[in-house]
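Input: a single structure, listed below in structure tokens.
Going in written order, the chains are labelled A, B, C, D, E, F, G, H, I and J, and every chain counts its residues from 1.
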Amino acid sequence: MPKPQLLETFPNPYADRKYEIYMETNEFTSLCPLGGVETDAAELKLLEGGAPDFATIKITYTPAEKCLELKSLKLYFWSFRNDGIFYERAVNHIMDDLVAACQPHALTVVGDFNVRGGLKSIITASYTRD
Amino acid sequence: MPKPQLLETFPNPYADRKYEIYMETNEFTSLCPLGGVETDAAELKLLEGGAPDFATIKITYTPAEKCLELKSLKLYFWSFRNDGIFYERAVNHIMDDLVAACQPHALTVVGDFNVRGGLKSIITASYTRD
Amino acid sequence: MPKPQLLETFPNPYADRKYEIYMETNEFTSLCPLGGVETDAAELKLLEGGAPDFATIKITYTPAEKCLELKSLKLYFWSFRNDGIFYERAVNHIMDDLVAACQPHALTVVGDFNVRGGLKSIITASYTRD
Amino acid sequence: MPKPQLLETFPNPYADRKYEIYMETNEFTSLCPLGGVETDAAELKLLEGGAPDFATIKITYTPAEKCLELKSLKLYFWSFRNDGIFYERAVNHIMDDLVAACQPHALTVVGDFNVRGGLKSIITASYTRD
Amino acid sequence: MPKPQLLETFPNPYADRKYEIYMETNEFTSLCPLGGVETDAAELKLLEGGAPDFATIKITYTPAEKCLELKSLKLYFWSFRNDGIFYERAVNHIMDDLVAACQPHALTVVGDFNVRGGLKSIITASYTRD
Amino acid sequence: MPKPQLLETFPNPYADRKYEIYMETNEFTSLCPLGGVETDAAELKLLEGGAPDFATIKITYTPAEKCLELKSLKLYFWSFRNDGIFYERAVNHIMDDLVAACQPHALTVVGDFNVRGGLKSIITASYTRD
Amino acid sequence: MPKPQLLETFPNPYADRKYEIYMETNEFTSLCPLGGVETDAAELKLLEGGAPDFATIKITYTPAEKCLELKSLKLYFWSFRNDGIFYERAVNHIMDDLVAACQPHALTVVGDFNVRGGLKSIITASYTRD
Amino acid sequence: MPKPQLLETFPNPYADRKYEIYMETNEFTSLCPLGGVETDAAELKLLEGGAPDFATIKITYTPAEKCLELKSLKLYFWSFRNDGIFYERAVNHIMDDLVAACQPHALTVVGDFNVRGGLKSIITASYTRD
Amino acid sequence: MPKPQLLETFPNPYADRKYEIYMETNEFTSLCPLGGVETDAAELKLLEGGAPDFATIKITYTPAEKCLELKSLKLYFWSFRNDGIFYERAVNHIMDDLVAACQPHALTVVGDFNVRGGLKSIITASYTRD
Amino acid sequence: MPKPQLLETFPNPYADRKYEIYMETNEFTSLCPLGGVETDAAELKLLEGGAPDFATIKITYTPAEKCLELKSLKLYFWSFRNDGIFYERAVNHIMDDLVAACQPHALTVVGDFNVRGGLKSIITASYTRD
């Protein structure tokens, strides 16, 4: 299961102004709970969790009091590696975890998933503090 | 004929918020009812439906209660393979079928068709729920 | 001379909604009345009309009752091949001819001409129905 | 079934010398006899022949007495559209048909197939006259 | 008809050594004698010579006593504009004309023609002095 | 010194409507009055005016009564070749000269200068008629 | 551990000639036994096998009697997902497994690994049958 | 430590109008105070300040009375080379130093840092004069 | 006139082995003695030497006892700025000057000249020590 | 000074065969002993060693008994950061150090240095064991 407890923050050194931080990794991988478009039941037993999914994850946020610590973010992404989760849920789940961790002014998560069945999928979820 | 009954949906896991889903395939093919810009009558008998058209189809939507299921979308696109349909009609037809299937907040379909007679064509149709 | 009478249309199958059609050709060629930046008088006699110009023409429009028929558009562009016309006039002329033929909600023509004298030229003209 | 009888040739206008002709289409599509990596049995009934495959086909040859006629080559490729054939067989089959039709000095066929199951495949077969 | 008499040369300033000259134009256009893959008979009357073809022509040669004069080469290419000629013939014809004009150690002509009927064609012809 | 007197215009053939003209050259060169980031005093004597600068100049304007003549624009740019002028001054100077010559509705000049001292510079100046 | 027993083959339909098959996946991932350049000991406990590595794997081979079945190749690559293996060993191991499975005339494996510590690594191993 | 005293300015030659200046360098390097995502304690002793960071820095500003002198900006960037500073602090620090030096109408600094731990980071800070 | 006396060298620090040095500049400009393809006589008076030519110059050499000093090479290229010279002569002239200056094992000069009259020219000359 | 003692190796796991390893970093930086093309004497005092140089270093080798350890290679490159060294010397020095450390069958080092004075430099040195 994704482990939001891995996420660490540090005090924003310029909390008195609004500025933007973008982070991107092309090394996100998880498993598809149903095996997805391209996998039959027999194959799923191999990995005991579903067929692998691969994505580039892009995060843009405006920090308030806290900034996301880069190394902890890497470990948080690792924690998706061996669990099954759908595209739509993964992207919204990441957004909720990051918002809870650093309580930013605003935050957007884009998940750009590899082609499956000839179809590419990109999911975008955004948060703005009221 | 395109088979909208192939389209399946699943409940949007985050129906309480607006977020965006983009899907794209470069494997869309149909037939041109008249043979189009590049085909004469004799050639049309070969395929009993018209000369082949090829396109990249791009879909962007904001789901409401339902999300489009990826595998069923693939099959729905397959159902255009052996029928004749004009560019303008194909794009608007896809838009209407997808809107009927998942009743989204908003949805856009772009059909980017291969060059014919030295001319490239891109058709864009959009829907917004009132 | 350009032959707008070559342009044909067909009834817009979805005239009840606004959607966008984009068409592009990189096979537009005409002649320059004065020979342009790169040609002297002796050379002009060769073609009895001026030095060749080459351009990519890009058309974007929102159809109303009529759509432009693709094959007739190809022939219309051919009719510029052996006549002399300036860049600015060509782009505006095409825009006027297309608007007259299909009476759209809106239409834009972009003429992206090859480098002459080390200078690239791009002309853009737009029409919106009142 | 592929129809080699569609292939036409014309006399090579420069048969006294060796020169090279390259032709390429990104509009090749056939069906996979087994449904391939990404398709289960239920889906195959939709098209009564297998899941669609898409490829770019590239042909390079040195003509001897005959050249391949371009329009007939287009129709020959169309004849693969509704039949099931494996990648390896398709590429070698095309090579044999083209060699039989024009009896060239040499000929190479490359089939560059779309990603399936996260895997891209490119098959290359070559012929040289003894 | 192509006019090789337009071709001019100047004495090679370094005729005592072998070096290479490459020239390329993306503004080559001619007419197809039969209308080619994409044109029916009615359309051909428009231009009284055939449907337009477009190509990039690439020339590589090792000059001997004479170099090809650039401006005259431009005019030579213009002389193809209003005559019908097949791809294979055009490329070999250009090669023969250039060899006759400058009698080089070696010369290659590549004609890279625009897509017709979904098919791209590239013709390559080479000459080496014995 | 730049020679605005070289600039010529012709009557805008469609002065009754607003449309846009873009022109670009990657062959702009001038000299740096101080030798700039990368040149010492001894080197400056070589050219008697400063170290060479190179830029791509991009002009976008909405013509009113007059259009800028392309060939005269080329010659105007040549007139910067042997004089020293700073980046900021060059771009604003060109803008003022072009506005004076053709009195447009609006005009923008972008000067995109080559890397000096590891730093790239792009200057943008705009004019809008009151 | 990598599972070569997952690899399946089918009889080469054109075993009487030599031709080439290329396959590529950008979805290869394994674990680094030591955590690699970028990971400390505490992080390794998270995945109980090492830090994740990502690579594009490219295979080129000339089949003899047997061809590698695409779907089984996909599953074979999945079997690296949760085990630790060094770059050099992974590429040579894959080469040995594929050669053992299909006994080809020749086979090359390229592993193009993601940047670690600012360094990109590409390993290439080749086999030729004696 | 960064040395803002290195920054020099010159009088804006067109201070009566608003125009934009963009400058970019891909040669920015500093040290990470903690060694960052990819470095352990032993390695840090090598450079006595932390592991190296690399970034492209992009500056856009609207000058008021003063312009930033290019050569002094180069030297100012050099002064970060041997000191430890976090991404977020570096970008905001640069912005504050440049604003103090030239008091512009507006100024934006973007720091696009190299991949660390599979993650790319881009920080953007903006200033607008009240 | 080009000034080969500007070229300086320094002793090759590894003269006991053969290795390769490549240098490239996209800031070469000279004048065309005849005004070239695109310029008439009146225009030539402006620059008193001919129309400007622009090229990228690429040098590859294997040093023997001496290496070409980078700064002096820059100044040597500047010395072409205000003199008229043909493409073929310029490239061979540069080759001869560089060979004379550093007496290398081998040296190649490529001059890649900007488009003139729709034609691009690339000249390549090579030297090998006997 | 570069510290070859930082280089570590591990036993080649497949020492019985020849295969190739490629490694590349775009984070190499050193100082120029003389300040190089773009720096005057006053600037050099800032860094007490010379103006910064930046390069991409590319290594290709065929390991014999030992492989280069990736992490130690990273630290070895760091050791060039604060010392002055010329391009030609740096590339040959790296080659000698790597050959001494791992005694490979063959090894090539390419140093691709950033533009200085409008000139790009690429140095290539190769070693083959007798």
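FYI, a residue touches a chain if its C-beta (ideal position, glycine included) is under 8 Å from a C-beta of that chain, and two chains touch if they have at least 3 such contacts.
Since the model is a prediction, treat every value here as computed from it, not as a measurement.
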For this session: Compare the contact pairs of F-H with those of each option in B-E, D-E or B-D, and report the one where over half match by residue number.
Result: D-E
Problem set entry | Between F-I and B-E, the pair joined by more C-beta contacts | F-I
Exercise. Roughly how far apart in rotation are subunit C and subunit H when fitted on CA atoms, stated in degrees to the nearest 5?
Worked result: 145
Problem set entry | Separation of mean Cα positions, subunit B and subunit A [Å, integer] | 29
Exercise. Taking each chain's centre as the mean position of its Cα atoms, how many Å separate subunit H from subunit I?
Worked result: 37
Exercise. For subunit D and subunit F, what's the span in angstrom between their mean Cα positions?
Worked result: 53
Exercise. Which subunit A residues sit where two or more other chains touch them?
Worked result: 26-27, 37, 54, 114, 116-118
Problem set entry | Contact pairs between chains, per stated definition | A-B, A-D, A-G, A-H, B-C, B-D, B-E, C-E, C-F, C-I, D-E, D-G, E-I, F-H, F-I, F-J, G-H, G-J, H-J, I-J
Seminar exercise, completed: As the complex stands, subunit D meets subunit A at residues 37-38, 40, 54, 114-118
Exercise. Which of the residues in subunit H come into contact with subunit A in the complex?
Worked result: 36-37, 86, 88-89, 91-92, 116-126
Seminar exercise, completed: Contacts from subunit F onto subunit C in the complex sit at residues 12-14, 17, 19-27, 63, 67, 70-71, 73-74
Exercise. Which bits of subunit E are touching subunit C when the two form their complex?
Worked result: 6, 26-27, 29, 43, 46-47, 51-52, 54, 75, 78-79, 81-82, 114
